[in-house]
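The data blocks that follow each hold one structure.
One chain, chain A, links the two complexes that follow: it is found with chain B in the first and with chain C in the second.
This part shows the complex of A and B:
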């Protein structure tokens, strides 16, 4: 079929296509292709060899980092979702509409404060002679070593993810049909049963989307594990930085990046399947 | 409220919200407080009030260079991103076509890719096409990252536009271009301002991609990152407070323009 070319329509359609193909799809595809390139004398040369893949995937440290990153991101997702849920629940059902809107406004503010600065603040607060330890020292506790431990990393992830997860959870919980909840109560279900059999299933999609975003953010973040977690053992993102910045080993860093992307795609895909699965 | 619960549970839940907000705002408030604190190693009790960290950054030429770079990058990429975002939002609003889902995926996927991966991919790509280390690389990269936000803001605004208004203009003899110029653009103008501010704020804060591709043209967050790698330096609090005030101003302007929508729709129906 031959149609008259609609210049008007194409003028609006093409900027995005051209820009994203050139500067979004292009870089990602190129990154996949450089995993087959070689580095000779600190210069990347075009080739088609499996060397980088073999080099990275046969190394213990790569798989250690892989497992550790997966573990940290999962831990962060579980902890963040669990900490967020009571707050989102309260914001959805226990406060007025106006309070809820203000709360969401305040939860947006952190997105526009530098994450680096917030991490630095935690660094100062949590240091062994820092604010937190002097405060709890007053009541005779501590000092606790929090920096350079997993706890430090998770606190960083929480700072990063908690506002977003609460927003997503609250938006989905606030949309749960109140009549359903009332019906459950009228039929004699206690609050725990109502929560588990009515509220959570109705808000499932939002809860899972919140968790997925938390996973993606924690999985890719390098600031918390580096500055609060002490970077030992390294996560995959730290591995990418180290490999890229030292010795121009971009192809090997690209291998790590491709592994990260595939893992994320699998996780996101599984989560979406779970979110939209029809209840039996 | 439909759900009855006893007072104690309500009280506990509300205090819990308070605790969560305390956690979220602790780092923001401490950085504000310590930017005026004289001690190098912050602790309780606080030292005395001082402006010396602000003086330090005020007298540091590196900071001014970074501010200049950040402004150039934020302004350029917000204009580009808003332009692309507008075209995309309008296309999505008006047309259906084959592969539209793929088109929308192309528009909305960038924020789901971890920044560190985008950073590496952009670094490799820019060095291949030969713009690595120039300020243009940062602008291009930030445009990719910001365009989805601009598109979302403008798309939401278009949603409130009555489709008949554009059709009415055509029936009265306007070309599509004229209808765009005199009907659509005036209607979405507040959202365009809003998108400009929002994308500027996003670009002003982004550090991972900028760190990889900026070379010597450091933006403010890249500078912060490099200071962080050095030592505990309260300068960061002062820079952070400055960045916070800048971005919050932008966000509030964005919000104000986003909120004049009801007024805007009335004007449009009157015309």
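This part shows the complex of A and C:
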């Protein structure tokens, strides 16, 4: 039998394919090829050399930034997921459907304004003479240095990721089959056991997807570590900026970018695999 | 009867302004198979869920073995339930599903395995223990749900329409599995269903509910032959309900004046009926005889066939008297072969005076 080409389906898929080719595959191929280019007299020239790879991957500062970025993103994922879960749990099980809908609406509102604007507004709150320090100064504490520290960076990540993670967690928790929860109680499980052995596994996909988004957003973010974290030590995204600024080293920056992409690919792929894994 | 095992004493459940269960009292003995039956929204599931602790009664007391249950949380009770959706844990395999109730009770892994195995074997699904839930058929899932509920060897098993998702022939098979299981184990089954055939096939006693109240409690035969109210008579189906007024009472024969003539019914001597009382009489569809010739006597009426429905070995007929009064009749196929009926044919229907059951007039409203 000759397989007939479904022109209708193809027509609708066409924009997506074009989009993917133009804005994902194309740039990716371009970026990978740049990593083999050379910079001569501050000008990029085409070549096929491993120099940039060797230069970057043998440098301690690259691996320091790599480890630090991984650490920050992991920390942000854990903290965000843990702060989000009680809120999502409450929105899913303890409030009416109307309240849940309003809550989700309000969680979307932060995305109305630029993340950069929201980050800068933290200056007012977190500066050494800012709102936070003057408030706790009233009870004789502080002042604490929060800006330009790791805590500042994490606060920035939370600003960015928390609403999204709560939305994703709530959507999956709210869809957990209530009968399963009742069945767990009915079979003698208390609240904590039901939460850990029935509710969490049932909402696993949404919880993991939420965490993955948080990881990806934190891992690639430039704004928080730069403006709230003081860019010291640098994360990989700051390293990219620094590398391009110093002597037009686009090829070396591309090496960093390709490393970032591969790491995210592996993490995202592993997480999706774990999310949809069938029970043994 | 011995001491009741489960007691509902004047139980009421109110949600905001609606009453789900309205002041019901019910006693169930150990080892009984009780079916609570009614249409949707009648409060039967709420009643069951209150026994499991999944709903808290607004008023009244629920006792198990004389002990007040009201304040106990669901996980503090020994009242496992089988859900309509079965509520098996999709992220656990069969073995782990069955072991769940043992794990929550802190039973050691070896012991869990042993007891799960015993129940999987008892329900003939031992070879499926490593399967995922989505790899099982409907009937197999049913057995897993039963094994999971029974593995803790509870005194009571609650079932909430567990068969409603199965197809017809599987329902009949699972009914016999459930009946046999209940007899073998000797524990109490409280079974909620909207299906009369399920309730009648399995239960020792049937509880019929409507609008949050109990309409009748009795054996399936009682409910079928001697409905306590017009509601029950209509709900049980295949009944003919005739309304009329008492014309005369001669010893134990009561004559009722109806729209299509005089109907005679046997009454017990101590019954207290007066001339002029309005009454309803119930005649089961299977108690009506058909004939092609006019038989002299009481309760004989000429009719014609309106429609005929063939359901396996049983035939359901809809007959109409001259004045339009309809009668439902059920006959075995082979009985009808004898009278050789043709459509549009004139027939005579009749019933004996002792097969007409008079409804208690006090419950007619």
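The rule is short, and it goes like this: the second predicted complex is superposed on the first by the 257 of 280 C-alpha atoms of A that agree within 3 Å, B and C clash if a C-alpha of one lies under 4 Å from a C-alpha of the other, contacts with A are read in each partner's own complex, and residues count from 1 in each chain.
Following the convention adopted for this analysis, contacts are C-beta pairs under 8 Å (C-beta built on N, C-alpha and C of every residue); 3 or more make two chains touch, one makes a residue touch a chain.
Predicted model only: the values in this text are computed from it and were never measured.
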| item | value |
| --- | --- |
| Touched partner set for A:198, first chain B, second chain C, both or neither | second |
| Touching partner for A:115 - first (chain B), second (chain C), both, neither | first |
| Chain B versus chain C as contact partner of A:219, first or second or both or neither | first |
| Which of chain B and chain C A:20 touches, first, second, both or neither | first |
| Per-residue contact with chain A, leading partner among chain C and chain B | B |
| First (chain B), second (chain C), both or neither touched by A:86 | first |
| Which superposed partner A:55 touches (first chain B, second chain C, both, neither) | neither |
| Which superposed partner A:186 touches (first chain B, second chain C, both, neither) | second |
| Touched partner set for A:254, first chain B, second chain C, both or neither | first |
| Chain A positions touched by chain B in one structure and by chain C in the second | 182, 185 |
| Chain A residues touching chain B - in the complex, by the definition given at the top | 8-9, 11-17, 19-21, 23-28, 30-31, 34, 83-84, 86-87, 89-91, 93-95, 103, 106-110, 112-125, 127, 129-131, 134-135, 158-159, 162-163, 166, 178, 181-182, 185, 191, 216, 219-222, 227, 237, 240-241, 244, 250, 253-254, 257, 260-261, 264, 268 |
| List of chain B residues in touch with chain A within their complex | 1-5, 10, 13-14, 16-17, 20-21, 23-28, 30-31, 34, 41-44, 83-84, 87-88, 90-91, 94-95, 97, 103, 106-107, 109-110, 112-118, 120-126, 128, 140-141, 143-144, 147, 176-177, 201, 205, 207-208, 212, 221, 224-225, 228, 232, 236-237, 239-240, 243-244, 247-248, 250-251 |
| Partner chain C, residues of chain A touching it in the complex | 177, 179-180, 182-190, 193, 197-198, 201-202, 204, 278-280 |
| Chain A contact footprint on chain C (complex, rising order) | 52-54, 73-75, 79-81, 83, 85, 87-93, 96, 100-101, 104-105, 132, 148-149, 152 |
